[in-house]
Amino acid sequence: MAEQGPAFDFFTISNLWLLLSAALVFIMHLGFSTVESGLCQSKNTNNILFKNVFIVCMGVLSYAVWGYNAMYPGDGWALGEFFAMGKPIETWTGSALTYDYGKTALCMTQLTDFLFQAMFAATAATIVSGAVAERVKLGSFMIYAVLLVTFAYPVTGSWQWGAGWLADAGFKDFAGSTLVHAFGGFAALAAVIVLGPRKGKFLSDGRVKPILPHSLPLATIGVFLLFLGWFGFNGGSVLSASPGPVSLVFVTTTLAGCAGGIAAIFASWILLKKPDLSMALNGILAGLVGITAGADTVGVGSAALIGAIAGVIVVFSVLFFDKIKIDDPVGAISVHGVCGIWGTLAVGIFSMNEAHTVAKQALGTFSVSAFAFVFSLILAIALKVTIGIRVSAEEEMRGLDVEEHGSPAYHFGQDATELG
Amino acid sequence: MAEQGPAFDFFTISNLWLLLSAALVFIMHLGFSTVESGLCQSKNTNNILFKNVFIVCMGVLSYAVWGYNAMYPGDGWALGEFFAMGKPIETWTGSALTYDYGKTALCMTQLTDFLFQAMFAATAATIVSGAVAERVKLGSFMIYAVLLVTFAYPVTGSWQWGAGWLADAGFKDFAGSTLVHAFGGFAALAAVIVLGPRKGKFLSDGRVKPILPHSLPLATIGVFLLFLGWFGFNGGSVLSASPGPVSLVFVTTTLAGCAGGIAAIFASWILLKKPDLSMALNGILAGLVGITAGADTVGVGSAALIGAIAGVIVVFSVLFFDKIKIDDPVGAISVHGVCGIWGTLAVGIFSMNEAHTVAKQALGTFSVSAFAFVFSLILAIALKVTIGIRVSAEEEMRGLDVEEHGSPAYHFGQDATELG
Amino acid sequence: MAEQGPAFDFFTISNLWLLLSAALVFIMHLGFSTVESGLCQSKNTNNILFKNVFIVCMGVLSYAVWGYNAMYPGDGWALGEFFAMGKPIETWTGSALTYDYGKTALCMTQLTDFLFQAMFAATAATIVSGAVAERVKLGSFMIYAVLLVTFAYPVTGSWQWGAGWLADAGFKDFAGSTLVHAFGGFAALAAVIVLGPRKGKFLSDGRVKPILPHSLPLATIGVFLLFLGWFGFNGGSVLSASPGPVSLVFVTTTLAGCAGGIAAIFASWILLKKPDLSMALNGILAGLVGITAGADTVGVGSAALIGAIAGVIVVFSVLFFDKIKIDDPVGAISVHGVCGIWGTLAVGIFSMNEAHTVAKQALGTFSVSAFAFVFSLILAIALKVTIGIRVSAEEEMRGLDVEEHGSPAYHFGQDATELG
């Protein structure tokens, strides 16, 4: 009983922290919504917000009905350690709500475990949403998102976090540089290749036309909210409130994000000759994506270095994808895909744990990225040849807000002028 | 002492969780501010923000001076178990800050208890604020809000949470589907009836003119922040950090909100032939309002069902009120009033506890809603026949920002053009 | 062991609370970004956001490399108890992550301690950022901010929180009315004096031209986020999760902020004859700044009174600085400087602890404010006579966004018109 007391309190603290982490990851979806809409054109804002609202609602529900149990199958694999069938989560009766579920090993109830993971799941589709923005057909994207989040994301998730073959192979991905970010980034790359660039982005004379963000305040709000949410994303991935690990993760996460921002500011200033806010914002995100795989296993100096390198990488990567005519309006492929791989490999370089090697990390990140790319490619092509994946040129020019939703996102001042 | 130790830690965790919950409910006021201003016209934005800032500041202060003790009278009833007088909260000396206040029964200090409840109180007026927006006279609304929050809200609150006659009758309202939301929604209905619709909303030929939201990003920010805050609103209503109940409440709340969003998306798509973001947002809120009465006592499947039904109800309800020429710019009556009643009745249907019945639930929700409606009706009429409750047609057309506040909410680009 | 158990749990809760507090203070930087950009003109929004993003990233990094150890030198003073050299924080090996660092005296790991303090550090420059907005040269401001945050802020911080000479003198500044807010406010005053007012603000005929805020929703979002963050700023300054003190601090903070808002609403309404949202928002911030020095040591009634007085002071102060032609676009000098001094002195008047006197408080707040003013004055003059501190009149008129960053912050609707 004297033992039980403290253990129960530690369980209670940890369970609360995981629920708070779930709430913090939830608010990342507002971050994604505002970054994506802020960096795109005003005429597509309603559409972008609608997609994001749909994704988070659908993602949580589908994870309850299928994804959670497909990703954490226990011994219930259907195919080696590669694939498991999903099924609905348990209801509140049974052990899903008691200390007995996790005891002192996994310090939370099963419902908390579910909720924390559910908040991650929708992210995969959210990342794609940014890359395909401003020309994807709404209905097709919704089908794409449902299938990606429900069926594809839990597969690669199970390989590692569900104790599948990658976990056996010694792969390390603390909070998802690969399982969440590279997954989303490479799914996005495939979708963008199938979809093609926005009209007018790549001119016939070889020039790349900048399509300006419509609201930098919205984009900035988004990045700060994502940074905030990352405290839960990474901090909650400790899976308890244990002081040492949680403190370390908070600090490595913060330093990497800040270093990514500073590095991107100066890298882009040198390359573009201007202090560029969008690049600074993407640099912060790049640093955060970069540290996510190893936030609990690198020192604070290494964390800053990983973030700074990510901040430089993202600048070059954004320019590179422009060069090869891959049109990604928000830089999602660079931020999440390229820096997700960088962060995963960086664990092999900087980890305090010698068991982590670049080779093991490469195996994990490339196999997950390849799966995401191939799944997304097949799905996008299937949609393209059936119901179509892209709006008409006319709709694209007029904007998806009016064309698909019948209403612009903004309506300034017209009423005032009615008077005159 | 060995017993005391763990109890003290549990008390500490729980007290912290309730304070965090208060902070989360606080941020709901930003959510209400941005939803309401986003869904209304740009020319009334300054006015709407001003009202909301006033309400939250005034609401907390009046709750400290009167409301808290009127709502939680202990044995100090003035009239049966129907009404108690208020008085200021205790200062920090005394037992208001110690373990002895709540011990292991109510695991928080009295000041924490006060703060958590204070953050709820202002909500009643905030809900009304949305429904009467764009034509209510500022001074009259401020008087209305003070009286509603200070005197009316604690009365019905005391009936249930203050251990009054409704609590004795076996009524169940976990976190306020009725005591907060239906209260606000039916107060709003009465105020809107007295106030009348906005000019130009209902045309003489029977058509209903849509008055477009001026900023969907603002509205979306608001709904995400409300969803976030609801984790504190419902999760804090457990009144401790006890792992099982808090986990269950987080999960039921999330599933209901997400199911409400998805249901409203498809219901409105079918009815209106367009994917409608405003309806999706109101669907999320409807699901959250719906689950609030029973978040701790229904299973996770039931929670999703309650939310989905709320999401359908809100779509029909919004269209219904348009049809009967009740003009509610943000849908507050439908979201908070109608879905507040639905959520309360749903406890009688879905609760795991057989003591909860639809009859008891109906008694509670209708008596509270009726009190709110009648109080608000009398107050609104009194204001109308004395100082007036509505701005002039001229002011309404020009917008309340310039007319009442002397300044628009937005000022874009004019300075740049000064140059040319 | 029976003792250790509870102590460890209390340590765990407290460490988690301090990490959450760090996250809450982090989001204040988004609050500052949106308040400042909202209250300024649209043509300078990109610039303002860029500055704020830079400051937070740079501030955390420089605090890791120098500031933390300069501010908390232990016995390692370089010059009396007035100045200590900085050095990088320890990496995660060693005792920085264990219970042994703080035990039951300072209930957190050293990395948590660092992170919480790091989030405060950047604030000093953020406050200045608001006052010098719309005409400061970007590169010069960046150098200014680096030097202020890295070298100046830890000096005065060490005087009090680093157990230096002010702590010995019996000065009380709970969470930084002086060390953070008055420091920033008086650094801002010096910088504004060197910089001069915006073109067109003070007309030659003596009139003061109001330069309208470009987005009141942004400003309102900012103030609510700052209020939210203040729960961590003040609540975390308890340095544990001890129920009594944390509850008291939450309640005094809330009441002071709300009272500041209400007092400013009515004071400005009387003076300006209009209900003024900007004044209401600054009143809330004034109340929060005012309570920050004594949030743990005054009663709840005193807290409301301190806040209300701050709310009145800020209205008169803003008008006063306009009168003497000190141009502070966001009111930062009044909110943070003047009300920072007020709040610090108020501890001498209202504290429950008789050891606190107005004389000791005056010594502390005036010496810190004077140091900040002089440091900032010298630095600003040095920048002015070398690389220049102000943009050209032409750049100021066209806006810093296009001139310094090559891109406006907003881009509405142009694309839609391309069609026609």
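So that you can tell them apart, the chains are marked A, B and C in the order they are listed, and the count of residues begins at 1 in each.
Note that contacts are C-beta pairs under 8 Å (C-beta built on N, C-alpha and C of every residue); 3 or more make two chains touch, one makes a residue touch a chain.
From a predicted model like this one, the values you see are computed outputs, not experimental measurements.
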item: Each chain counted as touching subunit B and subunit C at once; value: A
item: Equivalent interface positions on subunit A and subunit B, same or different at half; value: different
item: Averaged-CA centre spacing for the pair subunit B and subunit A, given as whole angstrom; value: 32
item: Multi-chain contact residues (two or more partners), subunit B; value: 2, 5-6, 9, 13, 20, 215, 221, 410, 412
item: Of subunit B, residues touching subunit A in the complex; value: 2-3, 5-6, 9-10, 13, 17, 20, 24, 41-43, 211-217, 220-221, 223-225, 227-228, 231, 235, 241-248, 250-251, 254-255, 257-259, 261-262, 265, 274-277, 280-281, 284, 299-301, 304, 352, 397-399, 410, 412
item: Subunit C-touching residues of subunit B, taken from the complex the two chains share; value: 1-2, 5-6, 8-9, 11-13, 15-16, 19-20, 22-23, 26-27, 29-30, 33-34, 37, 45-46, 49-50, 52-54, 56-58, 60-61, 64, 88-89, 91-93, 97-99, 108-109, 111-112, 114-115, 118, 138, 215, 218, 221, 404-413, 415-416, 418-419
